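Each chain carries a letter (A, B, C and D) given by its place in the written order, and its residues are counted from 1.
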Amino acid sequence: QDASKDVRIVMASAVDVVEPCHMNSTGYIGLVLKGNVVETLLKLDPKTSQPLPNLATEWTQVDPTTWRIKLRDGVKFHDGTPFDADAVVTALNRQFVPELACRDMIRSFGSVKIQPKALDKTTVEIVTSEPMPLMPLTLAQTGMTAPSTPMKEASRQPIGTGPYVFTSWNPAQNLVFTRFDGYWGEKPQVAKATYVWRSEPALRASMVEVGEADLALQIAPQDAVNKETDIGYLNADTSRVRFFMDKPPLNDVRVREAMNLAVDRSAFIGTIVSPLSVPASQFMLSNVNGYDPSLKPWPYDVAKAKALIKEAKAAGVPVDKEITLYGSEFMQANLSEMLETLAQYWAEIGVNVKIAMVDKIQHSSIRRKPYPTDRGPTMVHELHDNVAGDAFYTMIVYYTSNGGLTNIYDPNLDKLLQDASVSTGERRRDLFQQANRTIQREVVPDVMLFHMVSYIRVGKRVSYQPDFTTQGKLELSAITFK
Amino acid sequence: MTLSSPAPGPAPAEAAAWRQSLGLLWRDKFAFAAVLFLILVAFAACFGPWLLGPAATKINLLARNAPPMSTQLGWLYVLGADSLGRSILARIIVGAQNTMMLAGCAVVASLLIGSLLGFVAGYRNDWTSGVILRLADILMSFPSLLLAMIVLYVLTPGVANVIVVLAITRIPIYLRTTRAEVLEIRERTFVVAARVMGASPWRIVWKHVRPTVTPTLVTIATLEFAFVMLSESSLSFLGLGIQAPEFTWGAMVAQGQSYLGTAWWVAFWPGLAITLTAMSLNLLANWVRIATDPVQRWRLETRSPTHG
Amino acid sequence: MSGYVTTRMLHSAISMMGLIVLVFFLARLTGNPTDLYLPIDAPAEVRAAFAKANGFDQPLLAQFQTFLGNLVQFDFGNSLRLERPAVDLVLQAFPTSLILAGTAMTIALVVAVVAGSLAARNPNGVLDRFVNMIALAGASLPNFWLALVSVLVFAVGLRWLPTSGTGGLSYWILPVMVLTVRPCGLLAQVVRGAMISALSSAYVKTARAKGVKKRVIVFVHALRNAMLPIITVAGDQASGMINGAVVVEMIFGFPGIGRLMMESIQYRDFAVIQAGVIVTAAAIFLLNIVIDLAYALLDPRIKHA
Amino acid sequence: MVEVRNLSVEFHTKGGVVPAVRDVSWHIDRGETLAILGESGSGKSVSSSALMGLIDIPPGRITSGEVLYRGEDLLKATAERQREINGSRIAMVFQDTLAALNPVYPIGWQVAETFRSHGVARASANAKALELLERVGLPNAAARFDDFPHQFSGGQRQRIMIAMAIALNPDLLIADEPTTALDVTVQARILGLLKDLQRERGMGLLMITHDLGIVAGMADRVAIMNGGRIVETGTVREVFETPKHPYTRSLLDAIPGRHGFPEVAPSAGGEEPLLRVEALSKEYASTSGLFRKARAPVLALDRVSFTLGRGETLGIVGESGSGKSTLVRTLVGLEEATGGEATYRGGSLLRAKEATRQIQMVFQDPTASLNPRMSVQEIISEPWAIHRDVVPRENWRERVGDLLVQVGLSREHAARFPHQFSGGQRQRIAIARALALKPEIIICDEAVSSLDVSVQAQVIALLKSLKDEFGLSYLFIAHDLPVVRSFADRVLVMHKGVIVEQGTTRQIFTDPQHAYTRELLGSDPLLGASAAA
């Protein structure tokens, strides 16, 4: 058998679950399945985040709660069943089966319920319980699985319409896809792809170097020394430190501002974080609808920070009270180095921050509501990626009073965001941009840090250009042979 | 009637015994060097944080991963700098305290508890021994990572708790070794003779069995010292160890391993410190072993020039 | 003797019960897994539904009862993370670890016995110092460091061996080597210590008077007398490895029990943790029985209670 | 054939250099027997070990001399050459058999090893080993081939040692006290065997012994050692009849058994005996190991009954392996009796929780019974540490010194460790330890057999005076009939686990009833000789 068109990809975490309805919430599932085995009705333009046709060719909003979708004709699932309106209805309904506890459903639909209906063989109508202006973006996330997929238990052999067939899977060792001959679109170059996983970044890098793999994901910045093979890219993650603004001294805006001013973000770049990282001013990338390009990251101004602290202190704020900053290594490699450096910056202006590195579970429970009331002044480091393309997915959860991950209780901001999320077009963007400005200039709920960078190492045989979606989706069709 | 041996003189005074031990030590040059090194480590552990505390934690991103053997940044940087530009030398000196406390406490605690239980289990050889040994079985098969996770989760991650984890998991080795040796020694005639004299079990264990078992235990304990430092390092590697800003040599190695390809020295020097300490302890233990064994002691004594 | 084994088995079964109880309750102290399996912004109802579906809403004792009820039917439960019977996962991973540990221990033991015994022939001699240094250096190298450096040297630098993964014999060399070094260094020291005492005893003198070859004196007469601490320490090392060569398995991508347990602990996959503990504990208990039998076999003076 | 010239050996110790052997010379021709007699600790064992390259160097040092074997200087031989000679050309029987046999290997294996080491195949080595064991009179040799040293009696172990040494018909056999643990019948048999070998193969025999009777019966020439030197040599007749050196004279004077019988203690009558043993039995179960084959149980004691009165000395004699050690080990609780009862002052000994301090014991194997990590000072003062009220701590040093002097050692020895002593010296330490508590009963298991006659006489005199002074009682196991005759008030004769005869010493020695007793008395070289004379 000709192995010249086979590739091996080494990833950081094991593929131990392949259920497509978790694929947007659990990075590695989407990474392997999305666009390869399972396809979505629409897909996003990586540059503008605008929806483009995929399995659907047209989509229209008939009224605020009704969407009508026209399907591509002549598409087949890997098992030979035709891709039609009934199949789409089954796939959408499957998302809501309680036994599956689909994580994507929780993310993209929240409390909204839907009623999909086949109008004819290629037309589907979706009625939603509440208006869903972002339906196209949601449909760009939702995988279309074959009707034969079990409805009540997680799939172990996902069947979709994509260019690759899920061929074999040994959860302890590897996962193999082969090219689907009946694919509706263009025939990709890669004939067979094998995924393996190693937890050590250095080892992944070595595997490409010695030719055991063609693509190594998430190699460490310090190992990305070979210009020819190592490619860095913004990975959609933005990092920040969130203030819990309920206790002094963090309930004082001067202190929060001072802590922002005290950090020299440029010193991190090229040292602790990759030289390609970008200091962030907002919790989303610039291609997300609602990003405000006019906002600049906080400048580094120790004098001003000290002055603010002095002022706060004079006003009776206990500025030197110990603040606990929680972080978790699972979020970001070498995180404790970053946090230690931050703590040192804050120590310089007289703010006393203690670092506590915790486990993933603890980290989650610290970040989300309900918050315990008996803890002292608290901060938490977190990462967020918004690959869905709209500020909504960030702002509601992180900045409204009702959001699950927020410490802001600002009625004006709530109203602004409420308006923004039901608006469309220009107005939607303006309102979100306005909210972002309010947040940075008035509320100061966080120390915004960086838009993060990942590195991949691409072997000599192939070419591949990563972008911010690569974190959650790696289309094998984008890999070409030299 | 009696042998004409030169009069050995009356009981040597305390000071003379000391001098004699020192003399024996001097004759084993390796052990002597080891003791010097250990004194150095002990000094660092006592006064390191006080002398160099700030230097060890001062982050200087400009000196990030600065290579060793360069004097550009000052003598503190002769061993290079770590990924946050902190002096590795200073960190090794300051980290000695946590490292020694951690390894020392863990080893001593598990040694004491383990060997005590081992004596009981070996000497009694009845149901108590059964219970102790089955408890040891449980300890041996309880996954240490789970234990680490539990302790770190339920308690706060600090030096004391890492000590608890390490001490608990290392008890069985002392227990089982002690028991195995006791089982054999208790059958020897001199133990039997003591029994006939009316010696209590505790006396027999303390006066006859313990001195015979001690050499083995000491060998194991010194090896465990290294083992514990490394286990702690592995825990750090897996994210379950001691937490920043506290640090130990083990944690430094764990932190440095991600720079193996680009800055080997970050992990190398603390690793070397661990190895040298372990080695010194072992050399010393070997010396003690020989010096306290009347049948072996001549190995040290006969090197004496006075006996020429 | 068979009576002894039966009693031991019985007692081990009791300890196993203790262990299960311990693991069951202690593991649940490490938090509710809901946060790991649902998106961080999942609403409270969804969390409650997840907890209910997996029985986490029940009181601990009730959960334990269910677990025991299933256990007597040899049902260890399903993995939360991998959605498969936990016992299948464990039984799949276990042989790999067992082979890995078995090979590493055998090599370590043989090398340590030879090196340690030769060193003990002349304590503080040149060979002794040399063996000592090497053994100690070996015993004080961190596993992960050794693993990564050996990959850099043998796989990347020299290209003699594959970096990682599973496959033919060549894939086993590096992991086994890395696993061997530490126990080998440790054991060599223990062998040396025990052999020094054994070699100075009167029966060694008798053997010399009989004209027994030096090799036989060392490896037959003295070694067997020195064997008690050696097999005790070797047993400890082996059970440590059976319990999971976590670091090595993780780095080399070996599908062994150590990696499985580590991931299960991280993901609070209680069913797998429990099944894993039961299987490894069974192996360790068995090992300890064998060792205790070996004591009596090696030294006829030792009596068993 | 073998010639030792000007050999000197010294040992380094913490206290200084101990010259163990000084300027010793002797030679042995084919078929000749040289006996070395001498005080315990005079360097007999060391000088003969030097010959086989068995001295640990350091701490030992051979300061001068040469050892010529067929013209070859063994002190200069390579290790390999020495190994070839050891065992096959020159062989040795060691003094302290429990320590000298490897505890973890079956005795058959150990005997066969001599053959294997010198190129005999395994199977035929085993067959030859078995034949040898039978030849030295090990009872039931085939069945006990796979038993371990600790399962044998002292005399049986000694025969195993002898079997090992004569395996390859060496040119020279060095026998270091080869018969101390043997009863006279077995001893006669072994000596006969050695004589046969000498006659058949022309084997030279270097006999180290304290037993003048054996010397008289076996040796061609005698060398007397004292303080590391040979003070006198000559043919047996010369030396025995016209001893020149004062030490030799004192040695000959001290020969026991020439005096009258001790008066039977009248106290044995009316009052209740201290110790009463009734129908005591002990069976060693068949220890079938995991992979060891089972064998028939050994009945070591078969319904043994006797009493011991206050101030009485009860001698126990009997065939080697007849259960003497087992009897006393059972009494002090080291073995569990399988039947019967023993009471001390009316209280049961067998069911007592703790050993009583009133019964102390001197073991048959001195090396093994002294903790090698304790100094003599610690060893002897240990009983006082256990029983705090006997001697106040500040007097310990003084009292230890006194005891050492009493048993014929010197005060300076207190700082030394057991391995730095000769076999006889160790035994004296063990005796001193037993005396330390001034118990009511002392059990001596071959306590004086490894002592030279002059020390023996001295120790026995000490035991006697203690008896007179404090009314001590003794259970005195010995093979040396003259010693028993001069020391014991009453005598028990044991044979195959049974007491075949008991009575006053006079009765037993002058009018033995049982056939075995008669055989026993008849085989004693000295008694036999004196009876014949």
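Rule of thumb we're sticking to: contacts are C-beta pairs under 8 Å (C-beta built on N, C-alpha and C of every residue); 3 or more make two chains touch, one makes a residue touch a chain.
Just so you know, these numbers come straight off a predicted model, no measurement behind them.
Colleague: Going by the contact definition above, tell me which chain pair has the most C-beta pairs touching.
Modeller: Going pair by pair, the biggest contact count turns up for B-C.
Colleague: What's the distance between the Cα centroids of subunit B and subunit D, rounded to whole Å?
Modeller: 46
Colleague: What whole-Å value do you get for the distance between subunit C and subunit D if each is reduced to the mean of its CA atoms?
Modeller: Centres of subunit C and subunit D (C-alpha means) sit 50 Å apart.
Colleague: Averaging over Cα atoms per chain, report the distance between subunit A and subunit C in Å.
Modeller: 39
Colleague: So which stretches of subunit D touch two or more other chains?
Modeller: Correct list: 56, 150.
Colleague: So which stretches of subunit A touch two or more other chains?
Modeller: Touching at least two other chains: 202, 359, 362.
Colleague: Two-or-more-chain contact residues of subunit C, please, as numbers and ranges.
Modeller: Touching at least two other chains: 30-31, 148, 152, 200, 250, 299, 301.
Colleague: Just spell out which pairs of chains touch, all of them.
Modeller: A-B, A-C, B-C, B-D, C-D
Colleague: Inside the complex, what are the residues of subunit B that reach subunit C?
Modeller: Touch list, subunit B to subunit C: 28, 30, 125-126, 129-130, 133-135, 137-138, 140-147, 149-150, 153-154, 172-173, 176-177, 180-181, 183-184, 187, 215-216, 219-220, 223, 226-227, 229-230, 233-234, 237-238, 250, 253-254, 257, 260-261, 267, 271, 274-275, 278-279, 282-283, 286, 289-290, 293, 295-296, 299.
Colleague: Tell me, which parts of subunit C touch subunit D in their complex?
Modeller: Within the complex, subunit C touches subunit D at residues 1, 200-203, 205-214, 216, 221, 224-225, 293, 296-301.
Colleague: For the complex, which residues does subunit D have touching subunit B?
Modeller: Where subunit D meets subunit B, its residues are 12-19, 39, 41, 56, 58-59, 98, 150, 227-228, 332-334, 354-357, 359-361, 363, 365, 368-375, 382-383, 385-387, 397, 408-410, 412-413, 415, 417, 419-420, 430, 433, 437.
Colleague: Which residues of subunit C touch subunit A once you look at their complex with the stated criterion?
Modeller: Going through subunit C, the ones touching subunit A are 30-33, 35-43, 46, 49-50, 53, 81-84, 92-93, 148, 151-152, 155-156, 159, 162-166, 250-251, 253, 255, 260, 263, 266, 268.
Colleague: For the complex, which residues does subunit D have touching subunit C?
Modeller: Listed in rising order, the residues are 49, 52-54, 56, 79, 83-88, 91-92, 94, 96, 99-105, 113-114, 117-118, 148, 150, 161, 164, 287-292, 367.
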